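Take a look at the structures listed below.
Two complexes, one shared chain (chain A), two partners (chain B, chain C).
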Partner chain A sequence: MKSYSQQSGEIGEFSDLPFWKKANSVDLAYVTYGLLVVTLVIASYLLGAFKLLPHDPQDIDLELMMAPPLTPKHVLGTDFMGRDMLSRLVVGIQAYFLPGLLAIFIALFLGTILGVLAGYRGGKFDTVITYLTNLIDSFPRLVLILLVIAAFKPDIYVIMLVVGITNVPAVASLVKGKILFLKQKNFIEADIALGLPTGTIILKHILWHNCRSILIIQATLGMAEAILMETSLSYLGFGVQEPTPSWGNMVLAGSNYFMKGQFWPSTAPALAILFTILGFHLLGDGLNNILEGKRDK
Partner chain B sequence: MMAEPLLAIEDLRTYFYSRSKRAFIRSVDGVSLAVAKGETLGIVGESGSGKSITAMSVMGLVSAGPGVISGRIGFRSDRVERQLLEGLDTCVALRREGGRVMAVEKDDDRWAGQVEKNMTGIRGREISMIFQNPKQSLNPFETVGRQITEAIMLHTSHKIEQEAKEKAIEWLDRVKIDSPRLRFDNHPFGLSGGMCQRAMIAMALSCEPHLLIADEPTTGLDATIQSKIVDLLAELKSELGITTMLISHDIGIIGRLSDTVAVMYGGTVVESGPAKDVLSCSPEGKHPYTAALLASIPSSDAVREKGHLQAIEGDVLDTINIPAGCRFYGRCSRVTDKIREKCDKQEPDLREIASGRRVRCWLYFE
Partner chain C sequence: MKRILVVLSVIAALAASFTAAEAAKKKDGKPDGGTLNYGEYGRPATLDPVTSNEMISLRITELIFNGLVGINEKQEIVPELAEKWEVSKDNRVYTFFLRKDVTWHAREGEQPKPFTADDVVFTYHIMMHPKTITPLKVRYEFISSVEKIDDSTVRFTLKRPILNALAKFSFKIIPKHGPANSDYLTRDDPFVQHPVGTGPFMLKNVTPEREIILVANDNYFKGRPHINQFSAKPFADQNIMTQALMFNAIDMIVLVNPRDIPEIQGDKRFILQPYNALSYSFFGYNMKNPFLADKRVRKAFTHAVNRQEMLDSFFNGQGTIISGPFAPGSWAYNLDVQPLAFDPQKASSLLAEAGFTKGADGFLQKDGNKLELTLKVPIEKESEAIKRVVLAFKNYLKNVGVDVKVEFKEWQAWKEDVFLEHDFDIVFASWVFDDSADISSLFHSGEIGPWKNNFGSYANAEVDGLINESKLTLDHEKKRTINRKLHAILAEENPYTFLWTLTNYTAYHKKIRRVAIHPYKFFTFADEWFMEDGK
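So, the complex of A and B:
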């Protein structure tokens, strides 16, 4: 008797397997790599924050300028002022980590609120929010950021504020679309008929159960975008200013020596940017496929 | 003679405004119904006759843009007494031009607030509802058991999660889901349609409401499951004595479960009375529509004799252009020369022709 009930339980719960057992191995590899990158980013941030570095990133050593990689004490070599590349690379993440989180938080927080208002309440809210998001969307982002920099100062937090706000429309329309889709199913109506408070329906039944995966994915993509945006600005000279290292201004500083065969000062941060952004994108992509079950269909 | 009604609907009119046609779609047009305590009222009619909209009006679920409601819905149990449509008419303004309604201005926010105010403490606790399409009525990302537990904790005195969980399992057992403890942790997609409907019934009844509205509870399920769900409803009815408003286009189900029956056509009730009289075979004292509806129930004998299925001629009433006369006049096969004029020009009212039986037809009036 017991074995029978266990057996039927197993059959019934097949579809309730934890997601990592059902997932495609490619997606798992994506997510594993992505999580590795996230771990490295967090670790670098902590190392930088607690100053656990082989060298002071600002320490100028005029005897050892442009030392190639694998020089004793300088694994990745030094730059044109003899500063340790590895230390600067690790500290460089400081420029992205908190500002990137700020951008993500703004985009998700405002985007979700606007999306819920537009999707759940509809009517006038929907009209106003659609106009608002179209307005933000119609501005070229880089131009907007340059304008803001010109008006205030090239502060990374100001830049990320703008990046976050310009990401709001994307999140809002995703959430709104999801809610409109869910409204066609009856369960929200059934929840209302059951007398659940509106807050519970929105927070628990809509956002937590049905929107969390798209929000997680948006967060990972948002981080990648924040890094890329800072990098482009730094390369143009508008981002984080010397001597504070960021990957963008390290590429810029190193680019003068690239053609002379001294490739490491620009290549190392460029590769760091490449693999980090790749990691965030693959993480988002893999999570999307696993959580939303895209590959099966 | 009739006991105090639990739910009394008087002259309910639920209209939807069509902007492109500049006219109202009169989905429910003057429905009066009463459900007495402990009784099961069956509402039967074709698709589009306004059955579901009536139920949704009672639950305050008519919000979609241009929906307008008038009339009175009184609810009265030993815990609450409430007018469910109170104050809604003040949220709507009609703009007329040359006798035509050119626009409906509705203050959606105030409307939503008023509905919320009217329905607090009613939804779930006093009136609960089961829908057709059970699989879509459960949240796909939450286990069935936790959804029921949530409802129990919200509406009954079982506020401790463990206690509510036990109660939920008890209810799952009561609606005859086997191994309820295992099913408790299943998501809706892990259950069949019939099991989902059982879970919905468990969820609706677990809050111990006074009135259960079952809106086509068996539509979308296959025939064997249908009969099992009907058996279950019949059993729960005799066990709990819960007042039920049962909506279906399946006359068999209505006949099985109802004490009284209301037949709806084109947004109005054309006949109501005790189930056995309204659904009996003889056409005597019946509205022609009811008679035609009963005649169109497929039976093997009828098919063998005639070689085809009996249907009611014509189409369902266009609820935008409602005729001045009887709504069924265009499809009626029992019009006599004596009353033809009246049928065409003047709408009959719902009159009592025998004790408890009301019919809306000129045939039975002087």
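So, the complex of A and C:
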């Protein structure tokens, strides 16, 4: 009888174990924390959207400016206009949620199309697309955004449009790399030999079965990117504008008081930014390791 | 440490060279010596008196340059580069006799050049050249010609006699050998970065960190200033500037952030000194919006806003509520006109009178059009105080049913929207005045147009008439009466909601003595300041 042996490296790819059983426990912890953050973000978004808040985040109380945390009715204190910090913190996520999704969508959609064209078709397409993505990559992103703001006005959707477009090269090159790798595998040759339509090969066999994980990972990183970008812009005064709260403009407003010992108006949103971005990055990292099998158990 | 040593040795070298110049010492018995480091919020673009248009450069040029006439602490006109003058009977010809003992600061490796009438003529021509970009041009259009009689005599002929003309000859004189281009001055000329003047201090250098270092001019014609060195340290953050003062990294802050006043007040090492700038803040309305063209609406807005509460909450109450268009503290301001009271009831009834009714969403509307207005605000470096006022304003108007949308814009874009396109409903801004109490450019209908100051397109025949009359009259009392009337009319018309004038504070270490401050030029009397024990 002919013995059949398989190299150990391929077990991961072809075994029938569910992915969470194959995964390293550290990765699982990462992903659990990441999913917790995502849940909190979505919950905050819904709370804000349905106005289930302790206070109206725009209610000004000049009698009670800069109240410290644990003041009655204001668990996290108030800001420089006497507005409730907790409500503003919860509503602050709205500044990122939909705009962030827009940035992610643009990056993934355009990035995938360009990546597929460059990788699958290759040739002239590849040359042109590589030039294009290099061109976009060569602009300093912050400068580009500041230019756009000067030309139009500081609007978070406009900013996220730019963030999305500048993220396209990263996604495109990942997808292209993956496709170049897949093209060496036999199944695509088999697909073509079987006469499957190109659309099915690309959409189903390449993108759905083989690229889905890198796209999910890019999406989680994209959200972190969006939050970070808005925060940097807010610190320069160009992010989401008052009276609409965003974590970035809350940090900015609070920073004026940090030196004087009134730390809460900047610390609360800063911690929110820290834990949220950490969550999205760990989620991306964990998923990358689990779905792409980058780390052995 | 190395750097500190270098600085110390430079100071020592300077001190050694100064002892040689005993002759030019001031004879008031106060000690010479010491370095004064002062903090400025931001960096000046230029250091010359012609192209500069912000307060930081204005203060520096005050140390480096002189005018033909100056001003003393009692706000009287005193001789400076001109030792005396004659005015013709028809008040149209001014002849200045210049000092003969004045020299320009010497550039490295050069002998100091004497100051002559040529420099005065040169300064006037360069200032008025069409290619020179300067805010001063409008101010000197009343001069018809200038001629040099001899090296120390110069004669100005006016187009028409104007009141208080002498005060206008305080413009700073620059040397003929200064600018590289002797026809006009732009910001590309090396002179604007390395100016040469006649004043008590000369520019030594600008460090790579943009710290501006000025050293005493031994040959200053009023006697060598007491303090050896002034250095302007730029700060990008006001909090850090205050902390720098607290930790003795700087000795003086020119303009203290109102928020930090209590902290400095409680510290015995420092002196907090108020000075009144001739300036005020306001909300300006665009008459091109039909809603705002109705003066009842504008008056209602003024009634709806609690100005005292804002002043108390945001500026520690350090200021005065104003009622009209003139700089408070100027002779033109009419104290009999009281600011409109905070009265939301009155505001609502005025709006009802103007035909507004409450819509389904709680906001006022008229003929199906919602009373929805855009308030455009520039994103500025110190935006917190502005942000507070703007947000509070939005809140006050919301309480009477007006929906104000706040739109923050980048500075250049904001200027284009307001001054060029006139695309706004409300703006929040401030005017800073010189002492002339001239408001013609703000409210005269002839000043409506691109890049002109009447950006709200306010037009009122009576106001136009009074402004013209005030410009032509030469009688001080009559002019005062006209301005009082103007004040009363504009207070009632509310082209702006006039807000307040803030009391500015400077803070400095006690070791700096005899500090007298000019309301907006600040350093006018700095040659008289001295450091305790000369350190």
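Keep in mind that, in the parts below, the second predicted complex is superposed on the first by the 282 of 297 C-alpha atoms of A that agree within 3 Å, B and C clash if a C-alpha of one lies under 4 Å from a C-alpha of the other, contacts with A are read in each partner's own complex, and residues count from 1 in each chain.
To be clear about the criterion, contacts are C-beta pairs under 8 Å (C-beta built on N, C-alpha and C of every residue); 3 or more make two chains touch, one makes a residue touch a chain.
The structure presented is a predicted model; accordingly, all values stated were derived computationally and were not measured.
S.K.: Looking at A:Lys21, would you say it contacts chain B, chain C, both, or neither? Reply first, second, both or neither.
M.R.: Neither: A:Lys21 stays clear of chain B and chain C.
S.K.: Under the stated touch criterion, which partner chain does A:Leu196 make contact with: chain B (first), chain C (second), both, or neither?
M.R.: In the superposition, A:Leu196 touches chain B alone.
S.K.: Does the superposition put A:Glu242 against chain B (first), chain C (second), both, or neither?
M.R.: second
S.K.: Go through the superposed model and pick first if A:Lys260 touches only chain B, second if only chain C, both, or neither.
M.R.: Only chain C is touched by A:Lys260; chain B is not.
S.K.: Touch check for A:Pro154: first (chain B), second (chain C), both, or neither?
M.R.: In the superposition, A:Pro154 touches chain C alone.
S.K.: Counting only touches as set out at the top, which of chain B and chain C does A:Phe187 meet: first, second, both, neither?
M.R.: The first partner, chain B, only.
S.K.: For the overlaid complexes, name the partner, chain B or chain C, with more touching residues on chain A.
M.R.: It is B that touches the greater number of chain A residues.
S.K.: Can you list the chain C residues touching chain A in their complex?
M.R.: Listed in rising order, the residues of chain C that touch chain A are 238-240, 242-243, 259, 263, 309-310, 313, 379, 383-384, 387-388, 390-392, 394-395, 406-410, 412-413.
S.K.: Quick one: in the complex, what on chain A touches chain B?
M.R.: By the definition above, chain A touches chain B via 5, 8-9, 12-13, 15-16, 123-124, 185-187, 189-196, 198, 200, 205, 209-210.
S.K.: Sort out for me which residues of chain A touch chain C in the complex.
M.R.: Counting only chain A, the residues touching chain C are 60, 62, 65, 80-81, 149-150, 153-154, 237-238, 241-243, 253, 255-256, 258-260.
S.K.: For the complex, give me every residue of chain B touching chain A.
M.R.: 59, 61, 65, 108, 116, 119-125, 128-129, 131, 133, 136-142, 150-151, 154-155, 179, 182-183, 185-187, 189-190, 200, 203-204, 207
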